[in-house]
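Chain lettering (A, B, C, D, E and F) follows the sequence in which the chains are written, and residue indices restart at 1 in each chain.
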């Protein structure tokens, strides 16, 4: 009995802006600075999804990475790639698209597509200098 | 007499969309696909500027990288970082912001800030899978 | 009293194929796809071994990385570098060489070469898009 | 009139061995060392194809990267990914698959798929420590 | 209630040497080898600081990365960048500057600048082949 | 007849400071800023040496990378790794160790160890943001 953690990395490009519509423009500008820029900016986001479990005795796989990739493409990448996170992504509707909230949203999108309890973490890298990890806790 | 090429790397985040306003929406969609997405997408662009010349006997420098960085920040980064390349960048006004055209625009922005003939190349990396180089020719 | 985790990264190149000899060729092809390709394919594997413990007051080291490197070279790298994982590696004999099983095999190879309880994790990166971690649990 | 060089990066995994069948086993072993290992080893090869030309006034593209990607997938990746370079690749038949010869072979595979004179270079990275460039000269 | 871990990456360049002044020169040479070299050597250190907590409902931030960056610049980078770790860094006075001890020292420098219990880990990468993590335990 | 360019990448760690002993301390401080710091700082330098030529018909090699590595280790790495570039490197004696001058020095060290006219370029990367290339011109 051995638990191995398997990570699949994917990439997508999206635009966003940090803006809280319940607050004044002054508050938004003071709080978010350049990230509040009105006509959006964007990133090459890197998504790393980690699944944990025991390798299957027949395949040696914790998870078939081809199947995991298909889930991620259908539930996440197809919805966010070349998209505007503030305007076009249903699973972020009403959510301020900080990297933190975005990672939580991705967790919710895929959690039930995987065997119960196997999703271990979502890592989302926004730039080479910042990233977040969410573990469903 | 020795010519050395010195490269300074910088990074910025911007939104853009590929769209030719002189063409129909159908043409744009067929030509640019996802990159024509109406509400923009974005990238972490990596800019590498190369300057060539003989090292100064007193400093060992082809160019003082602190001065080069200041030129790049003033003439390029401050204008494109967290900006929308289609709407907000004066030096790209009327230019379709493909990576190719963007690199040519950056060359023109800084060419005259450096000693004549010393700017050697502009490399602009849009994603980990594509990049362009312009050498002023 | 402080526990610090120290990681040594190494690299090697190996060939393998995913194939379960107890199953039919059809099953293998359907399950493993291109990874079942009969004449093997290969990877530049990246191995990251993490050891945890308290820094020694005299050296500031949790582990002498020179000694750790020697253990890894003798027990792992010399056996898998430029090798065929299906045919030539004694510690993988009878094991389907998925990245998961390979990481577990490496753990077993070195666990007893280190002070008891200090081996913390084996990370094995197969391509830039997939990797596994095993923590001996 | 401006010439811009555009690079598309792709990745594939293959097995190979360096072995000259016209020479003795001793010569091969002495010449190629571990790279002559009989049951193959492998790499995550990185292929970077550079095309040069003037950006199209309507699209801003030197080349449509979607079309370039399709050419590379059809003419190169589909033939070498998860393959054995010594046994299974028609365009390397009779060629010793050193990285040098492999890059020349890739050039010949795609040269005529692109507008005459536009293919600028093939860069092939075999490990993080070695790579080759071929410019058709 | 969701806990997200946010990482800020920074870089600095420093010189150091591994030398225990309470031990003989022979002991130091035998223990530290090249790292004991008398006139110092140096590294491009990469520092990754991780803070954990619940995203603020108004900002979506676990921590304002601009504020975190300012803390790191004031308490760490300004003291170690382009410095000699053995001679010039007050918070390492009397400490053998191994990567392990250096990471513990950085933890102590910033722990009280952040809300209690939110600092999660310090990762310090010394070369592309070695790194350490300290989690305050 | 085909010319292929082969690159070998190596790494080393060294300390240096930018200081011109023929100038005043004020001039040095004003010119070099933090890089003039009196007790040195350091870097993980990355050295990439490129050799050009026709692949040998028997081996497929432009150059045997094992031999090239041995030359680089003997003539460069053994002299600069874990060393102080201002004090301890004979081939930099009397030279201000800027990255530019250092690259020229490395060229001179190895030029005559290789077949005449085959050394193509020396690339030296000092930090992730700056690098130089020297081509012997």
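Worth a mention:
Definition applied: a residue touches a chain if its C-beta (ideal position, glycine included) is under 8 Å from a C-beta of that chain, and two chains touch if they have at least 3 such contacts.
Note that the coordinates shown come from a computational prediction; the quantities given were computed from them, not determined experimentally.
Looking at chain D and chain E, the chains in contact with each of them are C, F.
Farthest chain from chain B (centres taken as the mean of C-alpha atoms): C. Chain centres computed from CA atoms place A at the largest separation from chain F. The rotation relating chain C to chain D, fitted on Cα atoms, amounts to 180°, rounded to the nearest 5.
Annotation: 29 Å between the Cα-based centres of chain A and chain B.
With centres taken as mean Cα positions, chain D sits 34 Å from chain A.
Separation between the centroids of chain A and chain F, computed from CA atoms only, is 42 Å.
The multi-chain contact residues of chain E, meaning those touching 2 or more other chains, are 128.
Chain pairs that touch one another are A-B, A-C, A-E, B-D, B-F, C-D, C-E, D-F, E-F.
Note for the complex: chain D touches chain C at residues 11, 13-16, 34-35, 37, 39-44, 81-84, 87-88, 127-128. Residues of chain E touching chain A in their complex: 2-10, 55, 58-62, 65-66. Considering their complex, residues 18, 20, 22-23, 31-33, 95-101, 103-104, 128-135, 137 of chain F touch chain B.
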